[in-house]
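Letters A, B and C mark the chains as written, and numbering starts fresh at 1 in each.
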């Protein structure tokens, strides 16, 4: 049962991110294979990095159905991406859902692999953000982590909330639900209301040589 | 014997990609060490990623002669890159040969490591394309996967052809030869005749907000 | 004792690189979490890649204090980066110290893991340079390896000097000291005096098609 929930998170996150990768491919007017590559790399990138860092077998090597799903989803976007009128908006919201899902799934997998709380939170953030980072690097986009609104912080909030709840020996479903909800809410608020954290600002009156 | 053929593929692919890395270094007017770095990373990058994802020992850590070869090849390009009159053209053709070689070698190594057909094809594509992707990222070039002509598709065709032939218990040489020939032919046609797949195109008449 | 020296190198290198990551974040006017992400990725990136390539457990998964340190250091920079008048200069010098430390630490860890001399030198160079490479890619900066002055060569000199000294069964402290000093001196000379190696130059009079 627990396994099932974790796997469902992984699958949903993979699908959501695969769509965002394919949407970037549509913005670059790539061909079908380009869609499949960018969709797949985005869908499985964060989880792949997590598994490599944990020294676990990479999930999609054991379970190639993840690859097939990413390719099918990307193909679907290729033929239907003209339907949504605002593809960029859709990309951001799907990215938000994937971010919240992977923040929890990454933290959970790290905890199951024996990592302590800090490592679990770090793996949640890595799983949630590196699919999008790789997507933006390969697609020649401005990395989403440089965006003005809260992004990495939402993944951090979700992974930290999950890890915190689990330290109280709470039922796993509670931890997963709380982590997902907090991650998604924070990112949604950032998208909807333009929430942002205070940014570093050069102090006026001080000279800089660059 | 089979081992020998696989290793020969690997070596030729490494040399071809190392030259392309060094040619990018020549376009950026880097120094000798820059040539060695970019040549080596390009030559071994795809195979390194393949080995890490498969959980196999990284090939050049076991066999440092690969490193030495990349460095020597890059040095040779440093002193002779003024000879070919059209370095960019040479880069594209060597890249095509490396692409076809690695598509087969990557798929074969994954199959030997117990991966099923889908994983084998994916590893072929990864091995064939990520050396060039890393080269372009580090060298500040536009990623070759964004190019208009067929690129990733050629690696896919080669890896899929090899995997298909091998499912019929054909002799390995036949699979390797077929995969390599198909991969190279597809990419050569793309380079020579400008072959491309249909690209995603925004539908006219529909408004997009970006 | 030997363990202690190696660990001290690692710690100092991690701190130095984490600061450079945070300084790039300050140049991009990121928020506190952005500082922590970029500082951490830069601090642990090179060593992480080294461990993955060697097939060793990733150092910070076993010892999460590295993560905590990177986050704290990045936070410190967030609140004090306005103090140094020339943040870019500070970035370059800290980067030089981290480069020399990691060149030796990477080569030593590879040697301890059973790699031969060539692999040890390669791992020294990788550990020393990839933290900065990842930092520049994620931060949208021009990769430091494309800079005009000697950079990768300094890591190479340090790692090679360490490996050379160690082949004579010299005390480890001597090897570490020599490697660090040579790496730092070469990079410092490059920064201070603009040392550079001869660069590849297109020969005049020869036509190029690009």
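Simple rule for what comes next: contacts are C-beta pairs under 8 Å (C-beta built on N, C-alpha and C of every residue); 3 or more make two chains touch, one makes a residue touch a chain.
None of these values were measured; they are calculated from a predicted model.
**Q** Angle of the rotation mapping subunit A onto its copy subunit B, from a C-alpha fit, rounded to a multiple of 5 degrees, please.
**A** Resulting rotation angle: about 120 degrees.
**Q** Since subunit A and subunit C are copies that touch, just let me know if over half of their interface numbering is common to both, same, or not, different.
**A** Copies use mostly different positions to touch.
**Q** Can you compute the centre-to-centre distance for subunit A and subunit C, using the mean CA position of each chain? Integer Å is fine.
**A** 28
**Q** Among the residues of subunit A, which are close enough to touch at least two other chains?
**A** Counting only residues that touch two or more other chains, subunit A contributes 52, 137.
**Q** Which residues of subunit A touch subunit B in their complex?
**A** Spelled out, the residues of subunit A in touch with subunit B are 25-26, 28-35, 37, 40, 48, 52, 57-58, 60-61, 64, 67-68, 78, 81-82, 85-89, 137-140.
**Q** Quick one: which bits of subunit B touch subunit A in the complex? Just the residue numbers, please.
**A** Going by the criterion above, the answer is residues 52-55, 115-116, 118-119, 122, 125, 129, 133, 137, 142-143, 145-146, 150, 152-153, 156, 196-203, 206-210.
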